[in-house]
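Scrolling down, you'll hit the structures one after another.
Shared between the two complexes below is chain A, which pairs with chain B and chain C, respectively.
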Partner chain A sequence: MADTTTAAQADQKPTRAFGRQPQRGAPQRGGARPQRGAQEPKSWVPVTKLGRLVAQGLIKNIHEIYLFSLPIKEFQIIDRFLHLKDEVMKIVPVQKQTRAGQRTRFKAFVVVGDHNGHVGLGVKCAKEVATAISGAIVAAKLSVIPVRRGYWGNKLGAPHTVPTKVTGKCGSVAVRLVPAPRGTGIVAARVPKKLLQFAGVDDVYTSSRGKTRTMGNFVMATFFAITKTFAYLTPDLWREVKLIKTPYQEHSAILSEKKE
Partner chain B sequence: MQDWSKWPTVEPLKSSLTFDFNLKVPTIITPTTTTATTATTISINSLNIGQSDSEDFSASDAESTSSVVSSTNNSIKYPCLLCSHFEFESRTILEHIFNQHKFVIADVNQITNLSSYLEHWKKQFVGKPLTEFTTVVQTQTSKSEPITNYYLLSDILPQDQNIRKKLQTDQLNSILEQQHSERINPSFTCACPMCPITFKGDRSSVTTHLVEQHNFNIGLSDNLVNLKELLEILKEKCDEIQCLYCEKTFKSQSVLKLHMKKKKHNRLNPTNTTYDKYYLLNYLEPGKNWEDLKKDHGDNDDDDNKYINNIDIMKQAQNENNGNHQITHWDDWTEGSDNEIEDSAVCLFCETHFDNSDCAFDHMRNVHNFDFDKKRKSWNLDYYESIKLLNFVRRCIYEMICCYCGDKSFKDKQSFFSHLHSNQHEHCGVVQDNPIWKDAQYLFPTYENDNILTNFEEFDESENQQYLEEELEYQSNLIDEMQQNRDNILRKMNESNITLN
Partner chain C sequence: MTQFPAALNPHQDDILKMLACQTHLGGNNVDVEMESYTWKRKDNGHFIINLAKTWEKIQLAARVIVAIENPADISVISAKPLGQRAVLKFANFIGATAFSGRFTPGTFTNQIQSKFTEPRLLIVADPLLDKQPLMEASYVNIPTIALCDTTSCLDGVDIAIPCNNRGKNSIALMFWLLAREVLYLRGTIPRNTTWSVKVDLFIYRDTDEEPEKEKTAAVAAAPVAAVAVETVEFTQTTTEWTAEN
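This part shows the complex of A and B:
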């Protein structure tokens, strides 16, 4: 099953080899990998079925993918549909005990989002900071989730807050998001506030419990909470919708064409 | 029944207020490490290794340069371990310690912060004999002369090892923080070393410009720290018409450019240690530069890229939902000291700061007779009403109106607080019937980053429970299905005698 290979890594390894070859002797100093911006010239060759459909433009909107809960394994799919901004939240040195002493590496925590309904969180550990950051951005793009926004009171204007009270839990930390009236702003600690800003939520109250100093768990708990906004069945979603075919079924003819 | 219409009117705030904490401004720390110790070469002719556990002690390699070069910072004091002498340079203090006290520190170049190391051990040595922590090395220059003892402090001792590790991680963390502040600094301006263009805002624009326009690669900006200093050094060298790789000077700019093009000297000299402190990789492990690290570890990143099948991923996800965490990706990020400022809460009724909101609520319950949880339950306040109450109290305290009786006659904080705290803190609270605090303007937070607002609730399990149960059911069904599919496929492959590689 081609879909089980993590294609993101398949994409990354060739670029590493490319970068290292011309430099003899001092790869780190010379900057072995191409810069983040220079990835455009290499065009994307999709590896998964979904990737192929997206590359050919047969899927118009990312929400078609979300509707069927299809796993997304290539970050270029997300790039096609969304313009995401990224930000490094923290770089932490982590150590592992080996036979030859300790091995320290850098771990990067990155949040991506378009400030309008989509967020993702990514983690990556690597020997160099730049590798960790770019790997974390890829992981974050693969984890992008849609965020449902609603109203506190009158349904005037654009949705601005979470539609219902939702909670998320990770480790010992539990976070609860409560709808707030327009103009409240995000009432939260610094890091979850950033996540909520990237999600495009304008007003919300938060309530947290547990050891919030484990920032990683705190952030994941808020992430789970905003994931639940689309999992909650509110009365306006009660109306039955006709079943539609999954993209794989719809475009099965095109997918089964052999490559030349 | 009180007449609430006499309550002083309070206009809604245009924007939230801010607390003023007495912040200690976090200073930017530049790494200070030991200079190359050249002078203290110890020549020992015959060694009789004395006490307890010590390995073969070869002449200390004091000539070896440390991987991160320090700046001779005049404000750092290096205290002597055993007397009250101190010096301003690491080299001289080590000389002093050796000459006066016959004391040697092993692997001194790998200690990241020599002055704190010395200070720590200074405290430890008070009142205790040297031999408790050090190993003794006995030497004798010739048969007739007396035996002299040298004391060696090394990381055989676990306490010493811990200190060294701690100093190392502290330095690493501080340097990462500095890089982080550089990364998010919007007012970054720097000039390109080779042309007069200046860059603002984004650090990586300078490095990409160097690569694209001048074909010179110093590495990705994410791997660099103190980028401005590095660029200034490069600028100096370019102004002196010196090649940045082989460091030969030339007659003019055009000759230099031709030389760099021909010889492909389009990167920095890797053996030049003055550039080491700008690359983060060198801070990872002390005493080793990037060449050693590369030799040591090779390709050890493979364990991240193991092939995991999707059933295992689903099982891990299911375990996570149950609360048994196997994926510990996010556990490494624990906030240390910077969170003390963010977590802190201010009492509603006096101006004391607390480390976190739990302490603040305890204080309010004990000192001000204000038990918020009890009030919430007895008055049956829902979430929004509780928020309104808290914001109302904050606003009243700010405007110096008593939140209980509406008294506005106070001119200064002293009399106001004494009124509030009178009668066993009767006025620390609100009257339930008062309609004023139920006004919608108090849904907006009075103070920004008010931790009282985010932490007053007891967690309610029931909201989460139903969702969790549904998720669990869905996931176990999915896993069963996936397992069945897998078994079917394997069976078919066995039947047609295809083997997995």
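This part shows the complex of A and C:
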């Protein structure tokens, strides 16, 4: 209903924002997309150990990486495991005062997600809109986090809502996510709704506080809240888990070979 | 500490070495987390470090080092000059990677840097002066071993080896003991044999700043056979110099 129209509108919004800007924005944005897609599979040379392991296919699942909290420095790692959709939330022009007038740069907020348990949020500022967007997409991919979903009531079917009440804060904005019964949908403002959709959360109640018009903080706050779903120790996680070797240890031989 | 098998106990020579190098002399203050490693406070205010605990932590640290399959993944760091020779020698004998001099910020975190390294273990001579590598290690999931004085803050340190990290002899001895223990554990040297390499090789030397070749290790080994009490260490350095020159 209302959801679908806003989803459709959201795609158009950034172009409307460009309309305000002297036309630099629009043509570049169209041009950026095809380039990105062509480059990725061929030219990636991994720089980090993790990158090397992933490129060789030694890591089967992204959750192996999450289990050990390994920092992900190369966005191609994420691309290997997840098929992510991205969406530009907002492009804001920001200015800095110089002797010769103002220097304008564009800050892009991009949400990335697979609508099924993984979201990422990226922010990038650059002189050109297209650069900002592609940079933000990279940043978003690097920040991808698993989302834990749970049940509101009976554990029938797949998890559909947040497992517990969680809250995230950024700046003055605090966003609270509250579990909701199946069929509720995402009860949230446009901004957090987008993020939650990308996360794959079906039903939530939200509550926010602070200057939510500061979109940057609003998105970050929801993102932090979503991140906390897996940080929360619920009783079903109390059982001790056997120690597993980290991928760096397990594949130590292979990693050391490559160096020489 | 209480129920260890006798084989893990230090030998008398080891304790004598530690006393000779003054590793038991702590600072004037104690950091809260280092309190359990102190033995007593002298009348002049200086703390005495419990050498039994120092020994224990060396044993623990050595076992951690041995557990790393590829020793090149171990980074040994000393910002302060007093520890640089020890760090280099240690890396030499263990097969680790030594960083001496300035630790460029971003070495562990900035993947674009040419010096970008991803070690599995970090060994540090002083948590205060080597704060930068400790901090970066915390960003990249690297466990850390550090030689800590009574005044050292243990932020970011996983295994603290309580000792005097202000004296060159002490630092040298600690790295020597660690190296020796690792070599014992690996089986490179049979236990209850004296290691042919002397502590002097690890001691900082003012005049010569370049890392030495292993010839000097052989030279250092020549002068004295296994002597129980190594209080004579300081004169041995002169023997080494004359042999080179």
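The rule we apply is simple: the second predicted complex is superposed on the first by the 220 of 260 C-alpha atoms of A that agree within 3 Å, B and C clash if a C-alpha of one lies under 4 Å from a C-alpha of the other, contacts with A are read in each partner's own complex, and residues count from 1 in each chain.
Here is the rule we use: contacts are C-beta pairs under 8 Å (C-beta built on N, C-alpha and C of every residue); 3 or more make two chains touch, one makes a residue touch a chain.
The shown structure was predicted, so the numbers you read here are calculated from the model rather than taken from an experiment.
K.L.:
Clash or fit: chain B against chain C, after overlaying the two structures on chain A?
P.N.:
clash
K.L.:
Go through the superposed model and pick first if A:Glu128 touches only chain B, second if only chain C, both, or neither.
P.N.:
So A:Glu128 only meets chain B here.
K.L.:
Look at A:Leu156 in the shared chain and tell me whether it touches chain B only, chain C only, both, or neither; answer first, second, both or neither.
P.N.:
After superposing on A, A:Leu156 lies clear of both chain B and chain C.
K.L.:
Applying the touch criterion given at the start, work out whether A:Phe68 contacts chain B, chain C, both or neither, answering first, second, both or neither.
P.N.:
So A:Phe68 only meets chain C here.
K.L.:
Once the two complexes are aligned on chain A, which partner has more residues of chain A within touching range, chain B or chain C?
P.N.:
The larger set of chain A residues in touch belongs to B.
K.L.:
Who does A:Pro181 touch here: chain B (first), chain C (second), both, or neither?
P.N.:
first
K.L.:
Taking the superposition on A as described, I'd like to know which of chain B and chain C A:Val47 touches: first, second, both or neither.
P.N.:
Touch status of A:Val47: second partner only.
K.L.:
Look at A:Gly216 in the shared chain and tell me whether it touches chain B only, chain C only, both, or neither; answer first, second, both or neither.
P.N.:
In the superposition, A:Gly216 contacts chain B only.
K.L.:
Looking at the overlay, which bit of chain C runs into chain B, 77-85, 167-175 or 221-229?
P.N.:
Clashing stretch of chain C against chain B: 77-85.
K.L.:
Which residues, counting only chain C, touch chain A once they are in their complex?
P.N.:
Answer in residue numbers: 68-70, 72-73, 111-112, 116, 118, 120, 139-141.
K.L.:
Where on chain B is chain A touching in the complex?
P.N.:
16, 169, 172-173, 176, 179-180, 183, 204, 207-208, 211, 217-223, 267-268, 270, 275, 279-281, 284-285, 290, 293-294, 296-297, 300-301, 304-305, 307, 309-310, 320, 323, 325, 329-335, 339, 342-343, 383, 387, 440, 443-445, 449-451, 453-460, 463-464, 467
K.L.:
State the interface residues of chain A toward chain C in the complex, per the touch definition above.
P.N.:
These residues of chain A touch chain C: 47-49, 68-71, 73-74, 246, 248-249, 252-253, 255-256, 259.
K.L.:
Can you list the residues on chain A that touch chain B in the complex?
P.N.:
4-6, 9, 23, 25-31, 33, 35-37, 88, 90-94, 98, 100, 102-107, 109, 123, 125-130, 133, 165-167, 169-171, 174, 176, 178, 180-181, 183-185, 187-190, 205-209, 212-217, 219-220, 228, 231-232
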